[in-house]
Amino acid sequence: MNEITARQITTSDAIGEALAEEMRRDDRVLVFGEGVATKRIDLLAAFGPQRVRNTPLAEGIIAGTAAGAAATGLRPVVDLLFAPFLCYAMDEIVNSAGKLRTLSGGQFAFPMVVLAQTGSGWGVGAQHNHNIEAWFVHSPGLKVAMPSTPADAKGLLKAAIRDDNPVLLFTDLGLAFAPGPVGASWDEEHIVPLGKAAVRREGRDVTLISYAKTVHTCLAAAEDLAGQGVSAEVIDLRSLKPLDEAAILASVRRTGRAIVVHEAGGPCGMGAEVAAVIAEKAFAALRAPVIRLTGPDAPAPASFPLEQAFAPNADAITAAALRACREPLPA
Amino acid sequence: MLDLMDALRRMMTIRAYEETLVALHGEGRAAGTCTAVGQEASAVGVVSALTPDDLILTNHRSAGHLIARGADPARLMAEVMGKRDGYCGGMSGSLHISAKDLGVVLTSTIVGGELGLCTGVALSQTMLKRPGIVTCFFGDGAAAEGRFHESLNLAAVWSLPILYVCENNEWQAFVHRRETMLGDSIAGRAAGYGIEGVTVDGNDVEAVHAAATQAAERIRRTGRPVLLETRSYRLRGHYEPDDQSYVDAAELAAWKARDPIPLLAARMTAAGLLDDAALGRLKDEVAAALEAAVGFADASPYPDAAALTAHVYA
Amino acid sequence: MLDLMDALRRMMTIRAYEETLVALHGEGRAAGTCTAVGQEASAVGVVSALTPDDLILTNHRSAGHLIARGADPARLMAEVMGKRDGYCGGMSGSLHISAKDLGVVLTSTIVGGELGLCTGVALSQTMLKRPGIVTCFFGDGAAAEGRFHESLNLAAVWSLPILYVCENNEWQAFVHRRETMLGDSIAGRAAGYGIEGVTVDGNDVEAVHAAATQAAERIRRTGRPVLLETRSYRLRGHYEPDDQSYVDAAELAAWKARDPIPLLAARMTAAGLLDDAALGRLKDEVAAALEAAVGFADASPYPDAAALTAHVYA
Amino acid sequence: MNEITARQITTSDAIGEALAEEMRRDDRVLVFGEGVATKRIDLLAAFGPQRVRNTPLAEGIIAGTAAGAAATGLRPVVDLLFAPFLCYAMDEIVNSAGKLRTLSGGQFAFPMVVLAQTGSGWGVGAQHNHNIEAWFVHSPGLKVAMPSTPADAKGLLKAAIRDDNPVLLFTDLGLAFAPGPVGASWDEEHIVPLGKAAVRREGRDVTLISYAKTVHTCLAAAEDLAGQGVSAEVIDLRSLKPLDEAAILASVRRTGRAIVVHEAGGPCGMGAEVAAVIAEKAFAALRAPVIRLTGPDAPAPASFPLEQAFAPNADAITAAALRACREPLPA
C-alpha cells in the first residue's frame, strides 16, 4: 500500500469500514453492544436493525449471546466498550467460548469478535482504562490482537471476523482519533493476518518490541538512538496470541539485545512472555539482559499529568537501550 | 398426547443409568457424578414436548435431559468414563456433555452458563430462519446468578423463542433453596420481565408434559420466551459420594413417597395400561441395556495424548 | 418536613456546578463529565431524607448525590480536574468520587458496581451494630446488569438495611430505556425478591423526599431493603460533549417543561415562600460560590508523580 | 517446627484450623460462600450463623459483599469453590477491591481473602480446573498465594486474613487431601508471610522454581538428578504476588541455571514472569537458557490418562535440567 497517496482515516473509522465490508461480504456477520446502533448509524442504515443492535446494559449476556450465536451459525462482533467491562463477561469469553470446543470434543466453533478500548489518553481512570490483554493471552482457545495503526485495526478486524475462533481486538484509547494511512475503502482484501508481527524500523544493535500506543514511543526512541549512533529495530507485535515468535527471535538473534515495552502492568504481562521466549530460545545470541519497560503495577490514573507519566516514555526507552549496549553487564 | 409407556421406559432408563453410575463409582470404576434421581419426570415431561428441530441446553445434571432426548446410555457412560466413544470423545467427562446430533448443544457446568448461551442459540434460530425453539434447563440455584436476570430480560426484549425450564429441586449443592431466597416461586419472577411464568408439579410427568407442550406452542406462536418452573426434589446427594447428612430426613422421606416413577407406574396400572408382568419385562429390558452400556464403556479406549490439544482451535 | 428553601438552594447549586463544568469543558479547562441536569430533585429529595449516620453509594453520575449530602463544590471541581485538593486527592477524576467523611463510600463507575458493593456495606452496618442504613443510587441501565438481581436477592434473604434508589432517567448512555426492557417499571421487579418496590415522580422533590422518608423509616423498622424508583429524565447528553442527535426532540421538550427547579420555584412562589428578589439573591449566592469553586480548583496543584503508586496497597 | 513429631493433617483441615484460629482471635473475621456453613459445620457451631454463612449461588455478589464489608470494618473470607467460578467475580475482585483504594486516594482498604481450588487430580475438567492465578498477579492491588503443603496453606491463610489487602489463596485440588506435618493446632503464631519463598532442597547446579503441586514433581526430579550427579535446588514460591525475587535471584546467581515449572498454561503465566525477572536481573550469571515447563495452553481434560499427562512430570523436568547443564547451548 502506498502510504503517500493513501487516505488518512482514524482507527475508529477503520473499524467501521472493516465492519461494513465484512457485513457486506457475509450475511452471517452481525454487530451488537451498548449503543452500537446509535453510534454506528451508518451501519444501521446499511444493514438494518437485525444485524446492528443496541443491547441492554449487561456485558455478560452480550458476550454469552455472541458465543451461543457463534456456535450455531452466526459470526457476531460485540463491542464491550472499555476493557475493564470485560470483567463482567469473563465466564462467557473464557469458560464458554474458550473451552466448550475442547470440552465437547470439537463439536462447536466460536467465530466471534470482542471489541474493547483501553489505554491512557482520555483521563477516564482505572475502571475504563486497564490493559488486561495478557489475561486472554493466558487463556486457552482465544486469540488476541492490539493494533498500533488504523490500517492494522482495519486489517486485523477483518481477519478476526473471518477467523473461526474467538478473537479479542483491543484498541488503544490514545490512538482512537489519530489519523493514519489506510488503503482504498473498497479494498476488501486489506487483511492483516493474526499472528504476524511487523518490523516498523530496521536496526542492527538492539530490538525494541512493543504493541499499540508504545510502538510509536519506541519509534521516537529509535530516532533518538540513531542520533547517538545506536541502530534500533522496532517490532510491532500486532497479534499477542498467536505470537509471532519467529519475527521476535530472528531480530534478537541479529541484534543480541531486546527491550520489551508496553503500557500494561509488568507482572505476568505480555513483556514477561516475550522476555521469557527470548531467554529460552535466543539465549546464545543475547549480549545483554532482556529489559522490560511497562506501565506501573498500579491502577491507571485520571489526573492529566499522572496519566501522561503512566506509560513508558521515549527517554526511558532510549536510556534502557543505551544501558543494554554497554555490554557486558554485571549481574 | 404423551405415550405413557414410552415415558415410563425413559424414566426407568434414566434412573437405572444413574444408579449404575453410582454403583460403578462405589467400585472405583467411574468418577463421581451429579445424579437427578427423583427428577426424571421433569426431564421426560419437557423433552417429550419438543420437536426434533428444537435445541436443548443443559448443565451438570444432564443425564435425564440427554436420555429423554434419545441419547445412548452406552455412549453417555463412555463419556463419563472419559473414553473415546463418548459423545464428546471423552473430552467432557460427566459435567458438560453436549450431543449436537441430538440437538443438545453447548452444555456448560458453570451454573448460569446455559442461561448466558441460550439467547445466542435462539438468535441464530430466528436470524437463520430455522424451525425449532430453544429449551434451556437450569436449576433453582442458577436462578440466583445474575445471568438469569440478564438472559430473561434480553430474551424478552429481543423476543427470542426460548423455553426456560427451571428445575427447582430444593437444593443448590449443599445449600437448601430456602436459604437463598425469600418466598418459594422462581416462575413468579417472569412477570418482572414481561413474560409468562408457569409452575408445575415436577414429579407428575403428564402434568409437566402438558405444561411444556402448552408453553412450547405459545413460544412457537408468539416467538416470545416462557419460564416454566418444575417443582421436584433431588433424592440423592449433590454428587457421588454424598451422605446427605445435611438433609432433613422428614422432607426427604416425604418426597421419596412421591417418587415420580412409582407414581406413573401406579397411575398406569390403575388405568389398566400396565401390569406386574409388563413392568417386570420393562425392568429387565432396561437392566439389560445398562449392562450392555457398561460393557461398551469399559471396552472403549481412552483418547490418546494428542487429544489434549486437538480441539483448542478450529 | 423538607426545608424547601434549602432544597431549592441545593438543587440550584447542583445545576450551577454541572453547568459550570460543562462551560469549563467547552473551554478545554476540564475533562468531560456525566451530568445529571434535570435529575436534581431525585438526589436532593432522597439525600434530604437520610440521617448523618446513613451511608451512600453512588456511581458515575454522582455530583447531585454528593452536593445534596453537603459536598463542597470547590473540592468536587478540584477532583474532576485531577487536583490534589479534590476529595480523592485527584486520584479519581470525575467518575468515581468517594467522600468517606460525608458517608459517600466506594463510588464505582462500573455500572452495577455500586449494587455489588452495597450489600457488604450494609452487612458491616448490621454486624458492627452501627446506626444508619445504606442508600445505593443506580440507574435504569444498571438494573439490567446481573448484579441488580444478585444484590436485591441477597439483601432480601439476609435482611440488609438498604434503600435501593433506581434513578430512571430513560437513558443508558446512547440507548433509550425502552430498547432494553419490556414494560416501564423497574420497581415492579422488587416483588420477585419478596421486598417492597415504590415508584415516585423524580422531578417533584417533595414527593421524592416523602417517598424516601417513608422507605427509610420502614427499612430502619424492619431491617429489610426497599427499592425506590425515581422517574426522571437526563436533560443533557450522556457526557460532555454529546450533541444528543439521537434524542427525540418532543420527548426532550416535554421533560424540559417539567424541569424540577422551576417546578419547585413556582410552587414556592405560589405558596408565598419565594419572590423574584429572593430567587435573584439565591442565584447570586450560588453563582458566587461556583466562581469561588473554580478559583479554588484552578489554584489547587496536581498530585506529584509519587501518587501514581502511593495507594496501591494498604 | 519438628517435622517428625508434628501432626499430619490435610490442606482442607489446615484451612479449617486457620479460619477457626483467626475467627477466635478477631471478631471481625467472618466466612461465607456456597455451602460454607454446611461443609464447615464445626465453624458454624463455634462462631454461629452470623459469622459462618451459606449464600445464594452468585459469585459476583459474594465477592462484592466481601469487598463492601472489608472496606467498612469487617474482614471477610469468601470461598468461591473452584477457580473458574471467579470469572463471575472479576469486577468485584479486580475493579473494586483492587482499584478503589487508589481511585479514592487511599480512603478505603480491602482486608479480604478469596479462596478457590484448582488443578488436576479430580477429573472435573476445564470449567472446574483452570489455573488462572496469573490473572491476579497481573492485576494491581491484589496479593496471590498458592501453597504446596498443608502447613503453608494454614500459615498463608492466617497471614492473608491479617493482611489489609485483598488476597487470593488458591489451593491445589491434587493436594487437598494429602496429609502433611503441621504444628500444634493451638499454635496461633504459625504464620507464613506473604512474599517469602521457601528453599525446599538446596543444590548447586540448577534451580528448579515452582509452586503448588509441581513443587513435589520438582523434588522428585531433583532426586533423579542427584542420582545422575546433578545437584538441583528447589524453590517453592508459595506467594506469587508479592514475588520473592531476592530468593529466586540469589539461587540462580549461584547455580547459573533456572527451570520454571507449573501446571498453569505458559503464555503470560507465572513462569514467564519468573523467567523475565531472571533474564533481566541475573543475566550475567546465566549459563544456560531459562527453560519453562508448563501445562499445555489448552483446557484441562477430565479423562483420567489425559489429566495425568497434563501437568509437567518429573522426567520432563529431569531432562530439561540435564539439557541446561549441557552448556553452552547453540541458539
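In this document, chain identifiers A, B, C and D correspond to the written order of the chains, with residue numbering beginning at 1 in each.
Just so it is clear, a residue touches a chain if its C-beta (ideal position, glycine included) is under 8 Å from a C-beta of that chain, and two chains touch if they have at least 3 such contacts.
Not measured: the values here are computed from a predicted model.
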| item | value |
| --- | --- |
| Taking each chain's C-alpha mean as its centre, the one farthest from chain A | B |
| Between C-D and A-C, the pair with more C-beta contacts | C-D |
| Computed distance of Cα centres, chain D from chain A, in Å | 30 |
| Inter-chain centre distance, chain B versus chain D - centres from mean C-alpha coordinates, in Å | 36 |
| CA centroid of chain C to CA centroid of chain D, Å | 41 |
| Residues of chain C whose C-beta touches two or more other chains | 90-92, 96, 108, 110, 112-113, 144-147, 150, 153, 157, 179-181, 312 |
| Residue list for chain A, restricted to those that touch at least two other chains | 55-56, 58, 60-61, 84, 87-88, 91, 95, 102-103, 125, 127, 140-141, 297-299 |
| Contact set on chain D toward chain C in their complex | 28, 30, 50, 53, 55-56, 58, 60-61, 63-74, 76, 91-92, 95-96, 100-111, 140-141, 164-165 |
| Complex contact set, residues of chain A against chain D | 84, 87-88, 90-91, 94-95, 98-99, 102-103, 125-127, 130, 132, 134-135, 137-141, 241, 243, 253, 264-265, 267-273, 275-276, 278-286, 288-292, 297-299, 328-331 |
| Of all residues in chain C, those that touch chain D in their complex | 55, 86-92, 96, 98, 100, 105-108, 110, 112-113, 115-125, 127-128, 146-147, 150-151, 153-154, 157-158, 310-314 |
| Residue numbers on chain D that touch chain B, as the complex places them | 34-35, 38-39, 54-61, 84-85, 87-88, 122-125, 127-128, 296-299, 301-306, 309-310 |
| Contact set on chain C toward chain A in their complex | 31, 82-83, 90-96, 108-113, 141-142, 144-146, 172-175, 179-181, 246, 302-303, 305, 307-309, 312 |
